[in-house]
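Read through the structure below, which is laid out as structure tokens, and then see the notes.
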Amino acid sequence: MNAANYLYVSALLFTIGAIGVVVRRNAIVVFMCVELMLNASNLAFVTFARINGNLDGQVVAFFTMVVAACEVVVGLAIIVTIYRSRRSASVDDASLLKR
Amino acid sequence: MNWLTTLMALPLLGALVIAALPKSMSNKVKPVALATTLVVAGATIAMAVGFQRDNVDMQFVEVHSWIPSFGISYALGVDAIALVLILLSVLLAPIVVLAGWNEPNGGRWGVKTFYVLMLVLETMMIGVFAATDVFLFYVFFEAMLIPVYFLIGGYGTGERAAAAVKFLLYSLFGGLLMLVSIIALYVLSGEQGGHTFDTFALSHLKMSSMTENLLFLGFFIAFAIKAPVWPFHTWLPDAAAAATPGTSVLLLGVLDKVGTFGMIRYCLTLFPNATKTFTPVILTLAVISIIYGAFLAIGQKDIKRLIAFTSISHFGFITMGIFAMTSQGHSGATLYMFNHGFSTAALFLVAGWMISRRGSSKIADFGGLQRVTPVMAWTFFIAGMSSLALPGLSSFVSEFLVLVGTYTRYPVAAVIGTFGIVLAALYILIPVQKALHGPVTAGNEALTDLNLREKIAIAPVLAVIVALGFYPSPLLNVINPGAAHTIANAGFTDPLPQINGEVGK
Amino acid sequence: MTSQSLVYLVALPLFGSALLLLGGKRTNRWGHLFATAISASAFGVGLYQFSVMLGQPDSQRALTQKLFSWISVGTFQVDAGLMVDQLSICFVLLITGVGTLIHIYSIAYMSHDLDRRRFFAYLNFFIAAMLLLVLGDSYLNLYVGWEGVGLASYLLIGFWNQKPTYATAAKKAFVANRVGDMGLSLAIMIAFATLGTVSFAGVKEHAGQASTGALTAIGIMLLVAATGKSAQFPLQAWLGDAMAGPTPVSALIHAATMVTAGVYLITRSNFIFDAAPTAQLAVAIIGAITLLFGAVIGMAKDDIKKALAASTMSQIGYMVLGAGLGPAGYAFAIMHLLTHGFFKAGMFLGAGSVMHGMNDEVNMRRFGGLRKFMPITFATFGLGYLAIIGVPPFAGFYSKDKIIEVAFNAGGIKGITLGAAALLGAAITAFYMTRVVILTFAGNKRWDEKAHPHESPILMWAPMVLLAVGSVASGFLFTRGDALRNWLAPVVEPMPVHEAELMSPAVVSILALALVVVGVGLAIIKYFLSEVPVVAPTDVTVFTRAARRDLMQDDFNEAVFMRPGQAITRGLVKTDVAVIDGAVRAVARLARGSGNVLRTTQTGFVRSYAMWIFLGAVGLVAAIWMVTL
């Protein structure tokens, strides 16, 4: 099977994720799209590891997973806090940093 | 004994004690601050007694390696000029604390913070004059801005925040230019046998005249901003007008001297050839400062801004004396730095008392104070006389030395500078007439005269002004060998009198 | 040799002044007596010093006393040193003698003033500064006294400074003096740069080696200094306004002593002027101009003090003219200075006595016929009057006629011009002084019913009597056997008397007397034989109007210096804010402006940030791809 196909899937997933981040307002969905982008890159890393025949890509994938896990912890906590305080999970409502 | 480190540690210790005082003992904050400054002053005098007058090398030297990988060391030492300026700083500190007893009230932060900042500033002031490592000097030069920034911005009046920011950014800008020059020196020293920041070692560097000129400018602009020399002066009136009188005294009396001190210690020592190249330009700027500062002072309506502009005129004299490159000019300039500290302190402190009583700093709001508050009026008058360099008061000796020293080499600059003494009469006598003379105007009838604390604070200042006017030898004898050494090092000798010159031919 | 007493001359009055100023109200009760005693004891020390000098041969009379090294940097060595010689001792006796008399006079004159103690403190300070001026052994020490008397004069002119015009007069005097002081500092600088020393002895010793150009420069600068202090043209404008001070001050400072300091300076520097003929000629010309200038103003003044002030200016013009005539004239300049010190101080005290009896009225048109009410004042004033117009054998006759004579004999057109000016001045002097005497003491009474003229108390008239004695006798005593000339000879080195003179003393005296008679006669016709209006007539010639306005001196200064100066100040203040600080603020605005522009990209919307990041990443990748293509 051609390894390049995995890369196509990865690119597709990344694009879906990126569009989702830009287009959707709900913080949870945006958050999930970010996860999707991370996992897309994970897939690409693993694929390259396979193509190049070494483990570097797999190691980076592990790092990415750790980062993603941290992000989930911090990010979800923030989202929950924002939701609690303003009864909305829309990212457009939280534009207070403008000033 | 590590005199200089001890001197720098004492105010910090005092600051720690103040910071640690519990709320219940908040009435002890001011006495502790005063006691600390007095102890520092006493210790400095004890150190100065041991200063060898005829030894032109650095004394009380301390060297400890600080960041060895960059060749940076914690190196301290004083020569005559540094000693005089350190003396000036530590003598003014207790006077400022005593005179401005009520200054911190009404500040953005508490009384404690005010005195902690003051004492930290005192440490920095000693450090900046005592550092013999260029990097260490730079650290103090910049770090000094921080307490002053908070003192102006937190405890001043009027547009204090804006003035503080202007002061900080202006000084920072100059400091960064100097940093570039310092790094360049460091690189050059590495190319010529070993990285170092030691002033003495750096003074032997060889460099092309282009490099020397550029590096000189980096240092000079920083010092010209600090001093301040025209046209880098506009931060000073704003800062002086916004700061509390005590802060203004330290700002004009001590901090600005870092500029003129730096010109002697760094510009002249590190870049003798560039100094020669730029002397005509700098003398021109100095002469412009003298005349321009005087005219601007005449035109001011606010008493604090007026004093600030008189200082710009005086700094013109100091700069002129330094770059005249004669022993009279040099000794005169150094003595001028000391005398100007006291004379400005007297003016600013009395002006501060007048302003706090009247609630206004406009000269036009005062009138007839001589009838209402005779002691305050007299102290202001004597301070003014000292500012216009009346013979018999200390500033006359230094001003005349500067003029006579400049005349022997640059007669035209001296002649134009002499016009400054006529303008000085105007900028002092106009406010004296408006504020002290004439009928007592509305709002001034109930002003109270100086109280005992204020009298005790101002008395030593006036005593120094009068005593050094009649008998400047104690200071001059300390300054002379050092000044002569600087001149000789920069490759100059005093011009001979014309008659000897002709006989010699 | 005892020269140790010199320091007491300066220290005593300085101590007195400091004690009274620092002592405050506690010394109110006895302050005036103490100050007078101090002044008298300084006079005593002066007399003692004089007697010591008399006992010495000519060449050993000069004494110096070094106190300590004052300023010492490199070759610039100035000691705090005092020196008394034949010239200074004349001044010491004049200052302390007249000074003491005026102290005594002031006890009564100022008795109703709340600040009498402060007044006496200032007087003592003035005595100290003036003594330092004449006793300093170098130009720099002289400078200290020079500015010291300027300060004393400022304080005393502005003694009643609650009145704004008086405060302004004080400031004007100080500033005009500072212009002169600038000349003195420049002279000292040039002297040091040229000769390497600023002590009188050193300058005198080396002056011969210096170029004429340098000496001329020093001389001109010294002349500038003298014009400031001695109210000579063109720095004369302050003296009239200085009459704002209490009358004893006008007598002591602005007639007898301080204003003559310029003459002292020129005479003291004779070794410079004798070697710089151009500067010396300038001195003589300035003197001649001023003596006419002051005399013309004196003719038009109705204020008795201002008329006397104009006369002072004119008489000092005579002294400066004398000093500008070189070795032939120095001694006569000093002689006129001393005699003038007596008669002018006496007349000022007389004017004060009149004011004292007339509720401080100064307008002579409101006096008239006072001789019956104030006989002693009239008598002493009259003796002073006879002295100033030069009637023999009164003092002015000896001193003024000698100056006129020396001027004529200076040779050539210069001599004739200067002599003619001096002679004309004598005529005008006779006219305006006669006018003063007639308006004040003769004719009908023109004062209000409210005024009750009365003779002054003894404390006031006794000093006037003593000064009148001086006005009568001093000239005769000084010229007896050329006493003063011979006494001053070691200092000023007089020339041997010319064989061929243009005018002999007798001719000059007759000419001068004839002109004096003309002047007196005209004044009698105009003011004694015709009615004097109480209000000054306004339908007068343009010359009178100009003289009343002090020959436009203030208008000139205001138009040429004051208003342009104010314009420059205003302009510079605006420039500072708009241009220099404007540039600084422009930088700040630039930083803020660019921040404002960039801020618009910060919308606060997470998704737009994400969009920008995404586009940035795409752009970056595209760029890398393009580059590697």
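Labels A, B and C are assigned to the chains in the order they are written; within every chain, residues are numbered from 1.
In this text, contacts are C-beta pairs under 8 Å (C-beta built on N, C-alpha and C of every residue); 3 or more make two chains touch, one makes a residue touch a chain.
Quick caveat: nothing in here was measured; it's all calculated off a predicted structure.
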Checklist outcome for this item: Contact-count maximum falls on chain pair B-C
Checklist outcome for this item: centroid check, CA-based, most central chain -> B
Checklist outcome for this item: Chain centres from averaged Cα atoms put chain B and chain C apart, in whole Å, by 37
Item to check | Inter-chain centre distance, chain A versus chain C - centres from mean C-alpha coordinates, in Å | outcome: 93
Checklist entry - Roughly how many whole angstrom separate the Cα centroids of chain A and chain B? => result 60
Item to check | chain B - residues contacting chain C, complex | outcome: 166, 169-170, 231, 233-235, 292, 295-296, 298-300, 326-328, 331-332, 368, 370-371, 385, 390-392, 396-397, 400-401, 403-405, 407-408, 411, 414-415, 418-419, 421-422, 424-426, 429-430, 433, 436-440, 470-473, 476-477, 480, 483-484, 494-500, 502-503
Checklist entry - Which of the residues in chain C end up touching chain B in this complex? => result 68-76, 80, 140, 143-144, 146-148, 151, 158, 161-164, 167-168, 170-171, 174-175, 178-179, 181-182, 185-186, 188-190, 192-197, 206, 209-211, 214, 568-570, 572-573, 576, 580-581, 584, 588
Checklist entry - Which of the residues in chain C come into contact with chain A in the complex? => result 602-607, 610-611, 614
Next on the checklist: Can you tell me which positions in chain A touch chain C when the two form their complex?
Outcome noted: 18, 21-25, 30, 91-92, 94-99
